[in-house]
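Lettered A, B, C and D in written order, each chain numbered from 1.
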Amino acid sequence: MPLILATSFAELKDIFLMQGFAGFSLFAVFLLMALGLAIIFGQMKVINMAHGEFLTVGAYVTVFLSHMVTDHAPKMLPYYFPVAIVCAFVVAFILGYIVEIGLVKYLYNRPLDTLLATWGLSMILQQACRSIFGAREDTATLPDWMMGSWSPSEGLDIPINGMFLLALAIVMVVLVYFLMYRSRWGLKVRATMQNRAMAGAVGINTKSVDRITFALGCGLAGIAGAAFTTIGSVSPSAGSLYIVDTFIVVVFGGAASLLGTVLSAFTIAQSQSILEFFLTGVLAKIFVLVGVIIILMIRPQGLIASKVRK
Amino acid sequence: MHTLYNRALGGKSGTVGLALLCIVLFLVFPLSLDNFRLNMMSKYLSYAFVAVGLVLCWGNGGILSLGQGLFWGFGGYCMAAFLKLEAAHNIAAESGSDQIRALTTVGLPDFMDWNQITSLPYIWYPFKSFPLTIILVFLVPTLLAYIIGTAMFKRRVGGVYFALITQALCWIMEISFVTRQGWTGGINGITDLRTCLGWDIRTKSAQITLYFLTSIFLIACILVGRFILSIKLGRILVAMRDGEDRVRFSGYSVSKLKTFIFCVAAAMSAMGGALFVLNVGFMSPKLVTIEPSIYMVIFCAVGGRNSLIGAVYGAILVSYGKTYFSEMFPNLWYFLMGGVFILVTRFFPDGLAGAVDRFGPMLGKKIFSMIGRAQQNFPAVVPVTIEANEGH
Amino acid sequence: MLDVKNLQVAYGESQIINQLSFSVAKKETLAIMGRNGMGKTTLMKALIGILKCRQGSVEIDGLDVAKFDSFKRVGSGLAYVPQGRQIFPTLSVEDNIRTGLSSVGKRKIDDWIYTLFPVLKDMRRRRGGNLSGGQQQQLAIARALVSEPKVLLLDEPTEGIQPSIIKDIARMLNEIKKLRDITIVVSEQVLSFTLEIADRILVMEGGRFVHEDLRANVDEAKIHQYLAV
Amino acid sequence: MSAAAELEIKDLTVSFDGFKAVDNFTFSVEHEELRVVIGPNGAGKTTLLDLICGKTRPTGGSIRFKGRELSKMQENSIVRQGVGRKFQTPSIYPKLTVFENLEISFPRGRGIWGSLFFKQTDDVRERINEVARDTYLSDHLHTSAEHLSHGQKQWLEIGMVLIADPKLMLLDEPVAGMSVRERQQTADLLKRICKGRSVVVIEHDMNFVKEIAHKVTVMHQGKMLVEGSMDEVQANEKVREVYLGH
């Protein structure tokens, strides 16, 4: 009897660990998605419903590169992925830059209108992807080193791509933190987002700050897209499946707080992944969402809110 | 009588706009459209109920809900549940043969059979009765709106956050309905609805009747909306949109007022959902999820978020455009629709009504009258002096 | 130093400032006085570029900046202390001042700023939003000064400030003028404060100048009359 | 002596992020008294009004008005206890006319059903006209509030508080941005309206304070510094040091 109990305990521990690590992959994807939105929505107050489509674009760039490499230079396959991340960023960044100039800049201070306009944008981008890449799902060929898993002990398998994602997410968070809170450019961004007219009047080129900040958020979504190809296949509507989750992560974290976004992505991903073991995936999702909404009602400002006397 | 004229009809110019809408709905469409297109129009009009509700709670009250599909859907599902039970009974009665009896459970909707459910879930019991169903069509969504509204507005969740949370709720509803297949018909929804109290709703005459019924109810909703906007409550809504704190410190319970108007919008949406089911003969979770909910907001934005009548035109135009373009240019219509959204928010924030008001002041005021300030009369007060505006 | 010619500013339909011209000499302090709604703040906003000018020119040292965006005007030597301070509430005091460095491309805040405003040095890690009104006013002035302006625009620096701090601000402004070659344009409603700092007073009414006085022979009664109506 | 104090505040404390904006503050206002609270910016004056009217929740202490504890009540219930508040920057409804602004503030039909079936009867119109006359706005009844001058907006907000006939009026900087003549008119208005109610005013303009105040309270760093007549306060050395200047 005690023996059975002991084994089941050990199993339970492994299950928890595995689910925990599965949660880490989810955490990494959520975090990468939310990072860009934390800038665009949290700082700029633009409700970018097309954020998911920037992820799609980044993912397609990666898939495209992977096809190019497998067809023309198979030897480069182990190395292409970092290049793909950079390309995904650059393409999404440029696209974001154009969108800011053409659309978003007219809608600052009208957040609900940005929601409607960017919804239109997301329709256009989705259809563009469909026209260019076709409606069917496509996958990137991953380098061998990202496949497989690592087993530190028996019965415990930790997928390497999950670890890679986690590392990527952490690096990006650190980069964004330094960019936003430790650099001169970040100071300009924060000043501009608090008071655009006044920021201009102290000598900040607010138009350029707006453009680059928005494009940066989009570029981060592109990176999330590159990361996304390691766990799923890409279709024109891939990004839109994540948009609600991403907004919930950012809102739950406390829109303007980077630490809040990290905490919130972690909490949501982990609770979902652990609940998934006991319930079906969908029910777990419902439970987590309802839980988050209830917590948001108790604490509408999100997990981490900045306190300033008004 | 005079006040009623002013309140419900919006004075002279409001009446003209309403009369024009009536002419379009009751004469132009029935005379010019074939049966198929007219039925399509009924479908569009059932969306317009949501748009009219949104004019009240978003355009005037400043509460943007991205989850109106939730209420529309609950209204629709309630109606569909009743029709489905009736259909199931009819099948059982028609197919007297033992063979079918052996294969299915008598009186149980087909999808329950497919999901190995052998007796009717308790949730479905009320839908055996028509009056109870009608009550539930309104009660369920309104109660839901009341709960959501009370919870959110008491905690002062508003603006963007409210929009995003209602969107998430809408999504939760969709995935729950898809997964509880045995109760809801899953991803296919509730289909194959034929009769309502023995009346075959698929016949040509029934569809025409239902079209007129939908139009009448829609006009009724507009009148209710106008009434609300014309009385004190309407001005408090605008006041709340522009300065919530002041309203609170004038002694009003802002959360209750917001909840109320949110419930009104929900009830209107539910009515639209129920009529949709009667007109179209099915209900599915695909119709109530995030995307349709945003479309409903778009109807309202395109028509003019402040104009009740504009919302109807918005719903008709956008829905028609969607159907037309997806038939004619299946690959292009996403571009076109996306472009329309962008253009409207970018250049016509007041939608069609605003554009008409701006570009055709003579005509516009009459067609799209927003039950404007101008038409309200306050007798026995000091005359207006306009030159007294000093400063800026 | 600052030459404004035929300036025209409008909000939508209504014209606030029409055909306004004036100039300020180097190192001069010009006070623009007038009641609320007479166009003082509109003028200030038009000078710094928050409001667009319909017509006219704004020349700093001969360079017309009327078509420039705000940040370029700051680069050309204008600095602005707005009505109501408008510091960035969630930025620290130090970061608030550093925003003013954007146009000069420096990283470090010069010591003389902290010498002039010792209270800001003590509070440099505090959030701007948690400062008192008087401290915020000093912060707003410091933020404007670090961009090394030729012309400093101050919009109602005494509004909502306690009497004892008003005197400090007057003292500080006079101090700054001794330290640097700076031209100041200040809009005001408080005559006692104006008299302590201004070389010349212009009275504004309905978007036009209606009265001018030099510091040497100020007609206090007349100005009071304009302020009082 | 006079009747018991209408508003009694005891040991009131509120802290934001560790910073005590109002710190162990105790004071009371009597019936028909016009009290002016002065003090440096950041002394906690506006926060004090926020606490009384329920906009901010205290960390500790009590606020009793006519014997009822306010500190746990919802804002709208506090208003219904007869407490009215005017904010520092005029908060009015810009898109509505002066008449409609006042009508909304009229203390009837505040519930949902009330607002559905509210009738604009003669007594309502009469009261609106009366308040408009009191606040010098009779000529502007049908002007959109956004087109009023700054001073008129201040008056309108005072009128919106006044029409509810509150027993305690809280006015935050009512003459900010007013011309000298408008200030005088406002002083007359305040003197008139403190009949039958208590009024607490926050103000910086010393001439105005002198004109209206029955008694002056000086706040400094969330605490009460001095309380007394205007002359006593002006003569006080501590007040001169932290606030008035020499």
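Everything below uses one rule, namely that a contact is a pair of C-beta atoms (placed from the backbone, for glycine too) under 8 Å apart; a residue touches a chain by one contact, two chains touch by 3 or more.
Everything numeric in this text was worked out from a predicted model, so none of it was measured.
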| item | value |
| --- | --- |
| Topological distance between subunit A and subunit B, in contact steps | 1 |
| Centroid-based (C-alpha) most distant chain relative to subunit A | D |
| B-D or A-C, whichever has more C-beta pairs in contact | B-D |
| Between subunit A and subunit C, centroid-to-centroid distance (C-alpha), Å | 44 |
| Rounded Å distance, subunit B centre to subunit C centre (Cα mean) | 53 |
| Computed distance of Cα centres, subunit D from subunit C, in Å | 32 |
| Residue list for subunit C, restricted to those that touch at least two other chains | 36-37, 130 |
| Numbers and ranges of subunit D residues touching at least 2 other chains | 17, 19, 149-150 |
| Subunit A, residues touching no fewer than two other chains | 309 |
| Footprint of subunit A on subunit C - complex, ascending | 48-50, 69-71, 74-75, 79-80, 82, 86, 88-91, 95, 98-104, 107, 127, 129-130, 143-144, 147 |
| Complex contact set, residues of subunit D against subunit C | 17, 19, 39-42, 149-151, 173, 176-181, 204, 206, 241-245 |
| Touching residues on subunit D, where the partner in the complex is subunit B | 53, 55, 74-76, 79-80, 84-85, 87, 91-97, 99-100, 103-105, 107, 109-112, 115-118, 120, 122, 125, 129, 138-143, 147-150, 157, 160, 164 |
| Interfacial residue positions of subunit B with respect to subunit D in the complex | 228, 231-233, 235-236, 238-239, 242-243, 245-254, 256-257, 260, 373, 378, 380-386, 388-391 |
| Residues of subunit B defined as touching subunit A within the complex | 64, 66, 151-152, 155-157, 159-161, 163-165, 167-169, 171-172, 175-176, 178-179, 290, 294, 297-298, 301, 331, 334-335, 337-342, 344-346, 349 |
